[in-house]
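In the two complexes below, chain A is the common chain; its partner is chain B in one and chain C in the other.
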Partner chain A sequence: MSIDRRSFIAGTAAVAAQFGFASRVYAEDKIVRFTIAQDFTRIYTFVTSEYNQGQRDYFALVNERGGVGGYKIVADVTDHANDLPRAIEAYERGKREGAVLIDPLSTPVARALVPRALEDKINMITAYSGRSDAADGTAFPYVLPLSINYWTQAGLIIENFKKTEKGSLKGKKIVFVHIDTPFGKEPLSILQVLAQKEGFELLTFPYTPPGNDQSAIWPQVRRARPDFVIFWGAGVGQTVALTEAIRNGLPMDRVSSSVWLSESDMDVVGRDAAKGVMKVEPCVGGREPKVIKDILAEVVAKGKGAGPEAKVGTAYYNYGVQMGALMVEGVRLAAAKAPNGPVTGPWLNDGLRSITNFTAEGLLPPTTVTREDHQGGGMGRIARWDGAKFVPVTDWFAANQDVVWSEIKKNSETFKTTGK
Partner chain B sequence: MFYRRAGLRHTRYQDERQLFPLAFDRGLVLTVLAFLIAAPLLLDRLWLTGYLLPWLIWTSAALGLNLLMGWAGQIHLGYGAVMGIGAYAGVHLVRFGVPLEIAMIAGGIMSAGIGTVFGAAALRMKGIYLAMATLAMQFIVDFVISHNAAISGGTLATLQVPAVRFLGVPLTSDWATYYFALFVCFVITLFMLNVKRTSFGRALAALREKDYAAQILGVSTFRYKLMAFWVSSFIGGVVGTVLAVAYLRAVSPDQFHLELSIQILAMIIVGGLGSVLGPFFGTALILFAPIVLNNLLGSVAATFGLDLPIDMRAHLPLLAYGLLVIGFLLYEPLGLAKLYANFRNYMLVWPFRHAQR
Partner chain C sequence: MDWMLIAELAVNGVFVGLMYALVSLGMVLIYKTSGIANLAQGAIAMTGGYVAWVLLAGLGAPVWLAIPGALVGMFAFGMLIERVALRRMIGQPVIMTIMLTLGIEIMLRGLLPGVFGASVKRLDIGIPQAPLFVADLLINRATLIGGGISLVLIVASLIFFNSRFGVVMRAVADDQTASWSVGIRVERAIAVAWGLGAVAATAAGILWGSTQGVDWSLSLLLIKALAIAILGGLDSIGGVLIAGVIVGVAESLATGVVDPLVGGGTRDIVAAVIILATLLFKPHGLFGREHIERV
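Right, the complex of A and B next:
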């Protein structure tokens, strides 16, 4: 083809038009800016949508009520598609626009941003993602999981099994079915230590990612005649694992997974068939908690909800509200300490790291974040699917934190000595 | 009017053979180079580390793959794995205290070695079958890396890159990493520009057009196919180390999966196979079109008060991006480099309409 004068001018105009729109100005002065760059399109997809919806509805609730400590929350939402160049661009852009916090909700992105966040003193929230050893606040001052990591979750599951067996797992057989990636293998180190300590036999069955065919694994699991089964994956792997477990006739009330199990997964598996399966709950699910009711009344009812109303109160939505509430509590505490700012990373960091016994009016277990402990205390509970919703079977509890923390320390020490 | 070709008389072979025979082209290249060198002074950090740095690194990688696919005509779907080998080898060596300069080269040699072993499949296979063999390489390398705690780095499977120096300069500031990447990209670009003029480059071209015809003419297909894989994998390995040290700063297995291979493949196809300029354009489009479209939609939505649901807001730019890529390839299958060449041809004789060939 050839270029004639007209297409040349049209093309130039099109390119020029792109840059005309690029600048945005906000007139408000007292704001705290968050960069909410997450993966809506590649891997986490619907998980992110629900999580993000909860987060933004909570920010909307706070802003509707006039902000927190005199500050309004501005959340810039973009899609990073789990792609590092896009995530790093979003991070740099956020930093330039004055963001003091980033929530990437992605393990690969969090890993790449760790050195940058530590250097630039930008608070990075790594809820249910990123490095598990970031719980050690002395090694990672600006990386804040603010939620129970995978090691703690495995510890909680084992403790619950122990309760079911009336206090001893000696001689029992526990099967761990996991996706064959670093994420899937992460709990192994804790499970091995606990197997020694509690005297149970641990059998592991990895399946190849992404896990949409696990039919070869589960008959072997059945043949092993396990007392308990833990399955560990994300996205499609979870529903396939559960379907196969049901097909192989494993007793559902002895099958458990991590925090990554939601109502949407149950719709795929079949709500009745999955009855009895357990998961770890880091916060209350459903629409009962006061915060969720407030959101429904003050945000969603006014047509200001960030997404479909049906999703309000689902598991991942509530995780989003949980993390939003923790971030806002951090802002409140920071503003209480230094009301006039200036709003910087260290300013917010001070607030986030002094959260004490915070429950967001009954949504979370009492969470205390300190300069040493970024996990927030390690409390969670086990919930069981009853065919319509997840019903808690335990109260909030923390378990095996000694084992978890020795693993955290081991890894964070390595980071301290070699990472910098 | 701009190029001023009239009256140019080359009286020596060197003049005829130089990289940019026209003064205007030389000036253009020098201007771009000067801009890139001055960029840290002119642009702020967002543009430097958010755009220019990844652009330079991904372009370097795309140039390496282009040598194999564009010059030698051998398809490769495992280039991400090649870069991964280089990155892991380089980072491990750096962690052992080996200077970066040596670690980079060693990473390149490691990639070249393993890449050539898999590339040997090309001696027996062509086209889609070679694609499958290189795809197998991608999966085997992924598997080996993520299943060896010694390689991937323990339970968390993350290797932090320690503070390193390149030629005595500590690579800690944005400036230093940027100039480091620029230097590597410059060397690779210079090499690629010159490959065309060597017997090696001409042998690769012969191989691409018809391998047995090349053999009949006395070009050893055995030797040159392996050499093509060796050189291309070497570049991939070096760039892998650069990527890890200057950009990622922590390596984990998921960074070098099939997505990276396909991304780089897309860059050279959209940019233009067998062109040096192509990867620069292709990388810019593939890396930044999603970002620009996303930001554009974001600001349009903010300006006009559009209340788009987040799923729509995230997927619309992808849709536009897909259309853009398809559109460019339909409009000009030879890639963005050809679009530039067309533009240049038009400007060569501007304001007149037709060039006399």
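Right, the complex of A and C next:
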């Protein structure tokens, strides 16, 4: 990740000065304001700069083309550093300035902001973070993951293993190596249910955060002689896990992880050494999708890109474009329903919860968000690292959604009754 | 009980412990000479890792040039810390000096990821990742080589402290006023100790960086280094060697034996337990000198 703190500060200053992507947003323009308060400097640094660059480039593309539904997008970018007081301050500032959406990209921040977002009716995007049970739109009307949650990702991985084993995992041994935090433990409930349902043996190995030394974990994994391995962490925990798996001679084509694996991680581990490892892909990677080509031609080529050109098309960059495109699609639909607004949280919420079969011109799987399903349908695919890029090994598919939704409902019901 | 697993964890624990011990070595070198516990040692190791990464990946220097370059650069950095920050603290209470080192730790931990970006950096010094099996035991090549280099450096430090300049440094450690009175340049001896401490930290930072990548988490080595230095004795280089092995093996076995019983998370508790138990029951560590003050 080459966008460092200096680049971020410079970028933010540019945005604040209205000389960045918002340079063509004038006082007379009708605007929709987003608060893009994310962690650029502490825990989520492994993803934020690329994700944010993708979002900002997409908003720039939309604004360059004259906006959407008569509205231009204004995104206020700020660093909350995964710090709750700073995040709440950013949220309140955004609310005061008329923001109708916040994207904190942080599980603890998203969890802390849930009651405020619900009460203030401000749409909170919790892509690949936050509460997995927020997929239940009836319990969390203003919390919108708009992406596959960790339970769904675990379900997709198991389904792919099953396909590899020609339809049956009975008697197989699957090892789950995870960071010992609530995020790392999250898929456990689904994996346990699936272990019972599919008849495989599940062995779990937690490692201490941040996961920079896992040398005593992986010999145990190797000695367990697993048929498949899932590793689940982020940042340094992911690269160390993969490195140790390689050092222990585990076959990479039987090792898989969540959405948190990127080209940058492969650079750290060694591009050739990691050949074969799999991950869940929530959208298309690389520069082939039309929208990425458009960004390159209409934003980056004009010198208006939000970060280094080299990062355009990386996995996390495209996640950012994916989420930016979904937000903008929500605006388009909201404006189609009520062209003159007023632009409020409920106005945008109506649009976001009307997204139907949206693919952003082939970037993401067909995504349908409803008042009940904020996950968007639960489709993803499995991709394999070939030494240079992640190559899809499956088509878009949804799997084990019955088990996933049972867990979602169980937890969202608890939220409805206890508020926790 | 899988005895082969226990053996494998123990063997790899020895090498990991030796790599931890290299960070402690710097603490001991500084404590032996100046009587100051350097709490910036973890961040200095991280800084050394970043410097090596800049030389290797940023400037494209070959490994044979980048590593000595980083060591020399960090020797100068260690001396600079002593000259700019520590020397100004002469005459101040020791606790203030220790707090200063903590301040340096916090500053470096924030500054370097800020300058170079917080993502993990690859530091490839040519250690192959292919598994190395001895019978049914897998030996981790990275920790095997890292542990071996650490052992050599620790033994070299033992030899150094018996050299002429080493004796000078020991004299400074014993009595700074008496050293001054016989013409020893006490400031220079302390500055060299800081330089050597930074070199040891850098060597550790490079070895750990090649194992896990370079990022802020290298600074977490401080906790292990502290546990080893306290257990071995803050002024004992030999103690570092033994304590490093004890801590490494204990951590490794805790992960393999205790974790499955309690659901995980014991690895980091080991260092904390060692620090507490040593301070409670043997405050000077296994090999540290007891200072008897006559009143």
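Simple rule for what comes next: the second predicted complex is superposed on the first by the 390 of 420 C-alpha atoms of A that agree within 3 Å, B and C clash if a C-alpha of one lies under 4 Å from a C-alpha of the other, contacts with A are read in each partner's own complex, and residues count from 1 in each chain.
Just so it is clear, contacts are C-beta pairs under 8 Å (C-beta built on N, C-alpha and C of every residue); 3 or more make two chains touch, one makes a residue touch a chain.
These numbers were taken from a predicted model, which means no experiment stands behind them.
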- [ ] Give one word, clash or fit, describing how chain B and chain C relate on chain A after superposing.
- [x] fit
- [ ] Scan A:T359 for contacts with chain B and chain C and give back first, second, both or neither.
- [x] neither
- [ ] For A:S264, select first, second, both or neither according to whether it touches chain B, chain C, the two together, or no partner.
- [x] second
Open item on the list: If we overlay the two complexes on their shared chain A, which of chain B and chain C does A:R96 touch? Say first, second, both or neither.
Closed with: first
Task: Partner chain in contact with A:I246 - chain B first, chain C second, else both or neither - done: second
Open item on the list: On the A-aligned overlay, A:T41 touches which partner chain: chain B = first, chain C = second, or both, or neither?
Closed with: both
TODO: Check whether A:A273 is in contact with chain B, with chain C, with both or with neither, and answer first, second, both or neither.
DONE: second
Task: Most chain A residues touched (candidates chain B, chain C) - done: B
Task: Nearest-approach distance, in Å, of chain C Cα atoms to those of chain B in the combined model - done: 6
- [ ] Residue by residue on chain A, keep only those touching chain B in one complex and chain C in the other, then list them.
- [x] 1-3, 41, 49, 180
Task: Residue ranges of chain B touching chain A (in the complex, touch as defined) - done: 44-46, 49-51, 54, 58, 95, 146, 152, 154-158, 160, 162-163, 247-250, 252-255, 259, 287, 290-292, 294-296, 298-300, 302-303, 309-311, 313-315, 317-318, 331-332, 342-343, 345-346
TODO: Quick one: which bits of chain C touch chain A in the complex? Just the residue numbers, please.
DONE: 2, 4-5, 8-9, 12-13, 16, 113-122, 124, 129-131, 138, 140-143, 211-213, 215, 217-218, 220, 251-253, 255-256, 259, 263-265, 267-268
- [ ] Going by the contact rule at the top, pick out the chain A residues touching chain B in the complex.
- [x] 1-3, 8, 18, 21-24, 40-41, 49, 52-53, 76-79, 81, 83-86, 88-90, 92-93, 95-96, 107-108, 111-112, 114-116, 131-133, 180-182, 185-186, 188-189, 306-307, 407, 411, 414-415, 418-420
TODO: Spell out the part of chain A that touches chain C in their complex, as residue ranges.
DONE: 1-6, 41-42, 45-46, 49, 180, 205-208, 210, 212-213, 215-217, 219-220, 222-223, 235-236, 239-240, 243, 246-249, 264-265, 267-270, 273
